[in-house]
Amino acid sequence: MKITRKVKLILKNYESDNPGTKGNICRILMNGKLGGTGKLLILPVDQGYEHGPARSFAPNPEAYDPHYHYKLAIDAGLSAYAAPLGMIEAGADSFAGQIPTILKLNSSNSWSTSKDQAIHGSVDDALRLGCSAIGFTIYPGSDYQLEMMEELRELAFEAKEVGLAVVVWSYPRGGNLTKKGETAVDVCAYAAHMAALLGAHIIKVKPPSEHVEQEESKKIYSKMNMELLSDRVAHVIQSSFNNKRIVVFSGGAAKDVEGLIEEIKQIRDGGGHGSIIGRNTFQRPREEALILLDRIIKIYQNKD
Amino acid sequence: MKITRKVKLILKNYESDNPGTKGNICRILMNGKLGGTGKLLILPVDQGYEHGPARSFAPNPEAYDPHYHYKLAIDAGLSAYAAPLGMIEAGADSFAGQIPTILKLNSSNSWSTSKDQAIHGSVDDALRLGCSAIGFTIYPGSDYQLEMMEELRELAFEAKEVGLAVVVWSYPRGGNLTKKGETAVDVCAYAAHMAALLGAHIIKVKPPSEHVEQEESKKIYSKMNMELLSDRVAHVIQSSFNNKRIVVFSGGAAKDVEGLIEEIKQIRDGGGHGSIIGRNTFQRPREEALILLDRIIKIYQNKD
Amino acid sequence: MKITRKVKLILKNYESDNPGTKGNICRILMNGKLGGTGKLLILPVDQGYEHGPARSFAPNPEAYDPHYHYKLAIDAGLSAYAAPLGMIEAGADSFAGQIPTILKLNSSNSWSTSKDQAIHGSVDDALRLGCSAIGFTIYPGSDYQLEMMEELRELAFEAKEVGLAVVVWSYPRGGNLTKKGETAVDVCAYAAHMAALLGAHIIKVKPPSEHVEQEESKKIYSKMNMELLSDRVAHVIQSSFNNKRIVVFSGGAAKDVEGLIEEIKQIRDGGGHGSIIGRNTFQRPREEALILLDRIIKIYQNKD
Amino acid sequence: MKITRKVKLILKNYESDNPGTKGNICRILMNGKLGGTGKLLILPVDQGYEHGPARSFAPNPEAYDPHYHYKLAIDAGLSAYAAPLGMIEAGADSFAGQIPTILKLNSSNSWSTSKDQAIHGSVDDALRLGCSAIGFTIYPGSDYQLEMMEELRELAFEAKEVGLAVVVWSYPRGGNLTKKGETAVDVCAYAAHMAALLGAHIIKVKPPSEHVEQEESKKIYSKMNMELLSDRVAHVIQSSFNNKRIVVFSGGAAKDVEGLIEEIKQIRDGGGHGSIIGRNTFQRPREEALILLDRIIKIYQNKD
Amino acid sequence: MKITRKVKLILKNYESDNPGTKGNICRILMNGKLGGTGKLLILPVDQGYEHGPARSFAPNPEAYDPHYHYKLAIDAGLSAYAAPLGMIEAGADSFAGQIPTILKLNSSNSWSTSKDQAIHGSVDDALRLGCSAIGFTIYPGSDYQLEMMEELRELAFEAKEVGLAVVVWSYPRGGNLTKKGETAVDVCAYAAHMAALLGAHIIKVKPPSEHVEQEESKKIYSKMNMELLSDRVAHVIQSSFNNKRIVVFSGGAAKDVEGLIEEIKQIRDGGGHGSIIGRNTFQRPREEALILLDRIIKIYQNKD
């Protein structure tokens, strides 16, 4: 695998990491159709844990099978595939070496009575299953945020020691945050910044809205131009060590294709490093999903 | 022991497991009268912990003796015997090698003031007692669900490392769940799916009712045919990685023989991998129990 | 030391234990005047922790001295002496090898604001002090019961690994239990059964009353004859793995000699394996205590 | 250093301890002007942590300097010097070998919102700083008493393993105790007894008042003569394993010299093993403090 | 690097530390323009974590880049640079050996619902990143103060063992403290004293106000002259082991230059060892910040 100049530059930003970790970030950045462009597209399948199997897979019942997602990610030429323990275990051997995997180490579920998640995987699991990275969600703002950050600290340290990359889902939620505030531009930028400070290599946030949540932030944001999503994405990227950390954006709730495509163009225009799209793909028939993913890839290739 | 093609196919689904763990799943699948069929029948005796000795054993006082259950499971030709620490300790040497055992690592009791269980056994106990698997209960929905899942994570990882299989009792309970919701079809399927995601090799759930508990699930279930228990069992199997994980169903509260037999036929017809039946057997006189177990075995052998 | 046939049979019930643990159970069963009979009489001195020194020892001030209790247990020909850390430390060397000791690892005190106990000793303490067993109290029913059971699990595993025996004080208390329910026959039998399931070698319970506490148990107990204490003791013994675990009964609050003697006869008649008597002995002058203990021994020797 | 017969007899009471620990107890008992008498006088300086620096040291500003206390203890010929981590660190090298030190491992402070203390030192700190003992406070009666006792258990075990002595400050406080009850005679004796049971080598309590706190204790105390402080001290000594454990008494809040001298005479007459005096010394000018300490020493030498 | 006599004298105060730790304190004291003077000036950049990226860096957008701060600290000739994990990781290699770094191990954030912080770095992180010290915040007074102190204990012990220095941010907050009380002179002195007792090498507090918070302290402070900030600083220094521990003062909220300069002169006049200034520098354009930092350095050089 010959590395491109773009990827080399990105890897330079991870200057404190050991060659093992850099190698795994490189593996993700060089894989699939976006390999070498410095952009990436990840398939996450933790919907079953979060919303239950029927709500996740009934619209496209082939997706009940863990192999389905491995194949989809491979065939679509994605950068990586992310899922919780059981999903990865169920295909780790069949698809070994065919696509970088991210072991999602914690999850919530629809019955949760607290804004917290259960840790259901470990760095040792990631190693035995041949993963390139661990994934971990924090809920900044939640009453459990400090504990979640401390759990991440421990797992991230362990991962870096054994040469894995660390992907952080930074999803503000709970505590004093309003529902609308969860995707506010100040909140998203803050969430991305904290993930970077916590040592994340790749940060996942939601596309930020125009809303400004924190009273103390209103003055400073009133002077900044945040009208377009691309402006707000650029602000999140800037807040992530001035573009020295990779930031990918979720697709959010399933929406119509054109809405999604438009959003992704803005993410690209704002300098976002890519997308992480679950429901919008695996809930459609495979052929439709492949076409959609190809369109997204073209956007990040600047061909659309 | 020559392994059948059916069992070989099932073992292929546990592709990430080491030979030790696969060997122990195989041992359970090849044991007893159902050995090699891909179906299994397990005797669990944790009733004494959950409901007290008199309510469990007074109807058939021979059952106060731990040896009674070992003998019953062996003589009936069952697949495995599951019980908490003391019960296994009391017969582990006398019956060593005669039947695969599952060490149940946690239990609740009738006085419990929280929807949680005490962990009273360890993977090291399972090893010293020659068990093939550990058993662990989670209560999805409970205020303690996250802790229980995290406990399972640790124990399951440890078990897999030393070549044991992991059996998960996934019993929704507590939190925002209604009593009726505990056996709702959406809830049972979700519970089975989470157990699979948590890395279970064998999943135990209750036979699901027609009730749909979660508001957000009603739309999706309204399009699915869930009238017969066999339909609902098939949905649970599908939700367990599309039949890539073994799912067994409990017998529930003691009921009349024909009701139980009918239920088990539906479980078989829906593709369930077997049953795990306690009170319905050991609370009857031994001879009656042996006859009943033989009838159940015949169902899973497709002879009834 | 030549082992009797009776003790050999009892040791066979501890089939999963290593020779170290069996040796220590044997040491207790072969010690003192009841040595070899399969019965045992233990002196416990944790009163000072539970009720304070003056309430415990002022009636017989010699008992303030830790050596007093060692000597009493040795001179009376008892089976073992049980006490918390400091009491054992204060005589462990002077009386080394003269009587098996049980290190009580946890205690409550009169000021406790929760139904829980402090752990104040360890398995390593038991080893360095030459003890034969550890002792641990659980409060089934208490809001802390799950934690206490989990603490026991850990300590019991450790003890068995290094060849010590495990004595469990199973004292229902707190939570939804009524005061009267603490000694109810259903509750005592359940408490003894859980201790057995938790892996205890020797179980200590209070003599059960005729009261049935749990609503769900009333039907089943209404069919059983529980009029005499000896009937109830027999039920507790049956609930302890059908007499496969040693069960000893406490003497309860200090009472008159004849009441105590009568109670102990019933315990013997019900098949109880012995008594564990504290306040009733060390609060009397030494000579009186020796006479009383001799009478109790004679009961268990079937000489009274 | 030649050991006296008196000290030899005291050391015999610590029969389960290893030579390292006995050596350190011996070092304290043989140090300073009381060396060899079996009595001891300790300087504790944790006032700064408990009440703040100005309230502790402003009356005698030289005392802001950690070296001041080392020098005072050495020049006065005391038995040992006790202080928290930073105070010991600041003089451990300058005064190495010149006086036995006790590392106080936990402290409260005036802002505490719970009756608990922070652990701020470890057994390993005590070793690296050349201390002879660790010091630890428990609050019997407090809602945190069980946790504090469990912390002590762990630290005391560790200390004994590496040959250090264990000094326990047993200060009843919180929970159901009244303010007056904190120094009640029944409560002090109980607190000393529990410290002994927890494995303390040296016990520190407050001088007990005549008040009897616990309802259940009133009858038993009504028969005992507790009029004089010396009687009450004798009762505390008896409650500490019948004089088999060293008990020292605090000086309490700063008071006039004669009041303090009178109190100490009673402590001596009751058989107390010594005093532990902080504020009463370091808040006076050095010369005054040296004179006072000399008077106290003379009392314990039976020269006053 | 030749060490000055002044620095040698300061190092003597850390008499219990190993050569590794002394070497790192020395490195900080000998670095930059204040090197060798015994004074120090530190740049802390944890604002992003505490207040979010826009509020921290939007006034001077170059500061979004982690390299900016390294360069500023180096070019201004500061003593050390302190920041959380991600910020240090992002420049540790580029600027290795160019300035001593302090890894800040915990942080709060604007959404926190409790007066506590998340630990997001470890001593092992500090080592792999080549840091000279760890930084840790405690909130004396907070309901979480005991836990925070215990966390510090563990981290500080570990740091000292591997030759790192320990910098403690002692910021009273929460519990019974009033807002005004957080910077009260009695509270600041107490906070500094506790940090010293907890084993800090370098203590950071806020410049104390004239307010006296604690009722019990009013009498003692009424006799002391606390009118000038320099008096209050001197009192804090005295409370920090009589000038045996290094104490630096924060700049507080961004203020006008002359106000800041005046404050720093008073800190110097009171014997403070230096300043730790964040927002006041990196929120100004680089050239302005360099001029300001130079003015501050001149003050500590006694040139202003």
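Observations
When the chains are written out, they are named A, B, C, D and E in that same order, and each has its own residue count from 1.
Note that a residue touches a chain if its C-beta (ideal position, glycine included) is under 8 Å from a C-beta of that chain, and two chains touch if they have at least 3 such contacts.
Predicted model only: the values in this text are computed from it and were never measured.
Identification of common neighbours of subunit C and subunit D yields an empty set.
Steps from subunit A to subunit D, taking the shortest chain of touch contacts, total 2. Fitting subunit B to subunit D on C-alpha positions gives a rotation angle of 145 degrees, to the nearest 5. Each chain gets a centre from the mean of its Cα atoms; for subunit A and subunit E, those two points are 36 Å apart.
Between subunit C and subunit E, the centres computed from C-alpha atoms are 58 Å apart. Subunit E contributes residues 13, 15-17, 140-141, 143, 145-147, 149-150, 152-153, 157, 172, 175-177, 186, 189-190, 193-194, 196-200, 214, 216-217, 220-221, 223-224, 235, 238-239, 241-242, 244-245 to its touches with subunit D in the complex.
The part of subunit E that touches subunit A in the complex is made up of residues 48-49, 51-55, 58-59, 61, 64-66, 84-94, 107, 109-114, 116-122, 124-125, 128-129.
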